[in-house]
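Two complexes are shown next, each including chain A; its partner changes from chain B in the first to chain C in the second.
For the complex of A and B:
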């Protein structure tokens, strides 16, 4: 009899936990939809107020007059992301190739913590570093070198800080991708007399081209949403920047800077939620395309 | 022929430079934070709250931010764990026979991971208004908890999927329920991995600004209840750095240093644990 009740309680516990688990699974699968829906719901007001093309392509930003053109913010985001990726790309590619094909195991053992710590440093710390080092460097040396005058707080500074933050993220994915390239392909090429670099150039890079592009796609979506570090060095001046040494105002910075004031004006509140929605859509679309490509490549091997 | 060799050499050199630049960049960031922060790090700094307002007061320290950060991160990790542990267990026990569903969940988690924290912040803010809670420790915990959940689940999942299926099957064939397999076999087998995932999530949570900017508010006091506003270290860096008063800025640098040290400690703990985990397995 004791055995029987024991069995019953065990069974009951198991069922309760199963129920909890099922609920969790549903919640997680629904969470992106819930987030997207609630942001969409909040931006309904602004979408009814101005047309989508006006929101995206107008550069008139006067919240008090009810004019919301996101173009200056979008273009700033695009520039900062572009610079970040351009600077990070060669470093990541070369390092990933070196660590996978040239370096010893010892080197990888030494570098892994370095990469992990770079990845773990919070963005606000990168922001402080940017203010201390990158902003003065851009203002004093880099901008005059190109013949511009700049306070240093600029799109360029944002891009440079961003590129450092992207390195560990993209590098880890690239290393994973290079590992999936078959070793016999590599060996076959070497045995035909190609040098190591020729093999990498003609075999590895060609084989993993889609993977490399996806790694940068993931990097792009990470870069597009990065808020605080960029906000701290980018200057935050509304307007379409004429050159890269002028201040910019990316979308995440817009949301972060205005959260206090927006509550009093419903339309402003709605506009900021629309910015968040826009950000999310861009990030998620790039994420989905890149991840699908990577999954497809991995399933082929 | 000589050209090929030269090309090889040039590329090799470039690769060595870029790997070295990783180390140099890390050192550059750490050194500038340490050099700037160390002079202001004193007992007063870590044991007192700011006097006369965090933005204008010249006296006092950042105790409010340190304690607030710890409350917030522990709360968020705990909340997230309630969701994450069952989910990762389910993915690797209950749903093990259905890899399609599991892969789909992993995909959704990766998407969630990619959503920027500022979007979580905006989302948390809308929930907050919807539920009628004010900016508080609680709202921050909910937002950060959601934000670190995918990191935690994927971390646990990564170690749990390596547990051989035969182990689970033999436990079930001996008459265990799935729940017993989950907590008495799976969790026990993967405890270092679980702790690693928790630490990583903790590190993410303690360092993030954008998700708490909307939700926790800011205060000079150490919060005494979950419904009060709270300061956090990254917010302390962010807000106090913007002040025109040098003493306040110094508090920001000291906060940045404290935050960096916390992150470094977490990194070392993670490394130690994962080394231990792998040396046990092989």
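For the complex of A and C:
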């Protein structure tokens, strides 16, 4: 019988498997480091060619002339992310409060898979939906409302699509955070004569303030790196946008649109690698800070 | 005889299909310490949460019966439930300091009652911190976050906070179980003094604590009231077989 092989073979197999497992774990840990290192290695060329401040703050983007100013892309990314977060914040905060403290347990049980499904929709679908619905809505209604003319492909459209994509992600974290607020604390406030809303405002929100900020920090790092859905609606025109109804060109879109196409231009691929490195640093830093805060908060309960 | 403050009449409570409280009848006299004693899971805490209607928050709870507070059935009152709750200070197992300063913890309930402005709040805060025997330890750092206090101090702060809304009743749910012996003794002594002005209901599973501070003891087991009696009678001459076994330490 196969199960009754002798001791030596079994031990050898055991050791091999455990070695294999260790190697796999190591790979997972090493992967981000390898990526970061190769990005840094590749962008070394451009860092030697232009100064860091020129790369970050110059608005001159003329690859053929060897001028790589990333400011238009950085500012587009910042605006799209900012709008996305601003629109998503009240929606997520209020729905998380409702689902945790007002809705019945059945509703939460029903909503949780719904939220997960929303989170699992491929971003290209959000992009298509953005082109079909959000872009015309921005061009026809929203921009004229504010007195601007717009094709619809704009920073605003990118922000709106992004905010919808962020909802399931941030909402899930917020629900988790509100759960860490102990119900004894809630009871204590009620027993002092507070209403439910007073308790939420003065106790729950204050208690979980750091957690809420981190939830949005995680949302931010996710929003900053979101590529395809934003790329599809944001217009992709190089330049510092004068208002939110003009097209923008965020960093991830720049990389996705150009990498592999213009490699004959000297420095171009190094410049794109620098953009990727920048993106990775921002995303990783916000991720780490937010996660640390959340872990710290949860350990206190 | 003494006046009855709270009278619980034929109280039943279900969570879904599970019956937690079964035909509870308890008389709680004014200005006395009534101890609800019983092993864990017997419904003591639920009973207490029903008394100040915190149980409302658990959607599936079904309740029948009456809880009369000064002759008014608080389970079917038309009054604002927050006013009913303000009549009862709550002290829970673990101190539940609110995420704000020591001063603001005590002022929280006062502000909810509409007392505003530091000047107006100050005398109240001082008075109740003294009442809870905490003033001397915190008077120089009233604006520190309450979370910096020791657990024992935090529990006394919770007591002060509860007293500040001027309740008539103090509901305490194993208030010393998380505390060191010294802090626990301070809280117990405080209860002893406070009963002059307040009606105190204390839930505990510690028999010695019940013997030390109770005037009356209610013994509960699995959602039933088994026996209620004045403290001496209860410990020296228990009527019910189950009470005798519990006192002997046959089960917890």
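Here is the rule we go by: the second predicted complex is superposed on the first by the 294 of 301 C-alpha atoms of A that agree within 3 Å, B and C clash if a C-alpha of one lies under 4 Å from a C-alpha of the other, contacts with A are read in each partner's own complex, and residues count from 1 in each chain.
Going forward, a residue touches a chain if its C-beta (ideal position, glycine included) is under 8 Å from a C-beta of that chain, and two chains touch if they have at least 3 such contacts.
The structure displayed is predicted, hence computed values, not measured ones.
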item: Chain B versus chain C as contact partner of A:192, first or second or both or neither; value: second
item: First, second, both or neither for A:104, with chain B first and chain C second; value: second
item: First (chain B), second (chain C), both or neither touched by A:52; value: neither
item: Which of chain B and chain C A:60 touches, first, second, both or neither; value: neither
item: Partner chain(s) touched by A:117 [first = chain B, second = chain C, both, neither]; value: first
item: Touching partner for A:182 - first (chain B), second (chain C), both, neither; value: second
item: Which superposed partner A:207 touches (first chain B, second chain C, both, neither); value: second
item: First (chain B), second (chain C), both or neither touched by A:128; value: first
item: Chain B and chain C footprints on chain A, overlapping residues; value: 195, 198
item: In the complex with chain A, residue positions of chain C that touch it; value: 49, 52, 54, 57, 59-60, 82-83, 85-86, 88-90, 92-94, 96, 98-100, 108-109, 112-113, 158, 161-162, 165, 171
item: Touching residues (chain side chain A, partner chain B) in the complex; value: 10-11, 13-14, 17-18, 20-22, 24-25, 27-29, 31-32, 35, 38-39, 42, 90-91, 94-95, 97-99, 102-103, 107, 111, 113-118, 120-129, 131-133, 164, 167, 171, 195-198, 218, 221-222, 224-228, 232, 252, 255-256, 259, 272-273, 276, 279-280, 283-284, 287-288, 291, 295
item: Chain C contact footprint on chain A (complex, rising order); value: 104-105, 182-195, 198, 202-203, 206-207
item: Touching residues (chain side chain B, partner chain A) in the complex; value: 4-5, 7-8, 11-12, 14-19, 21-23, 25-26, 28-29, 32-33, 36, 83, 86-87, 89-90, 94-95, 104-105, 107-112, 114-123, 125-127, 130, 146, 149, 153, 177-180, 182, 200, 203, 206-210, 213-214, 234, 237-238, 241, 252-253, 256, 259-260, 263-264, 266-267, 270-271
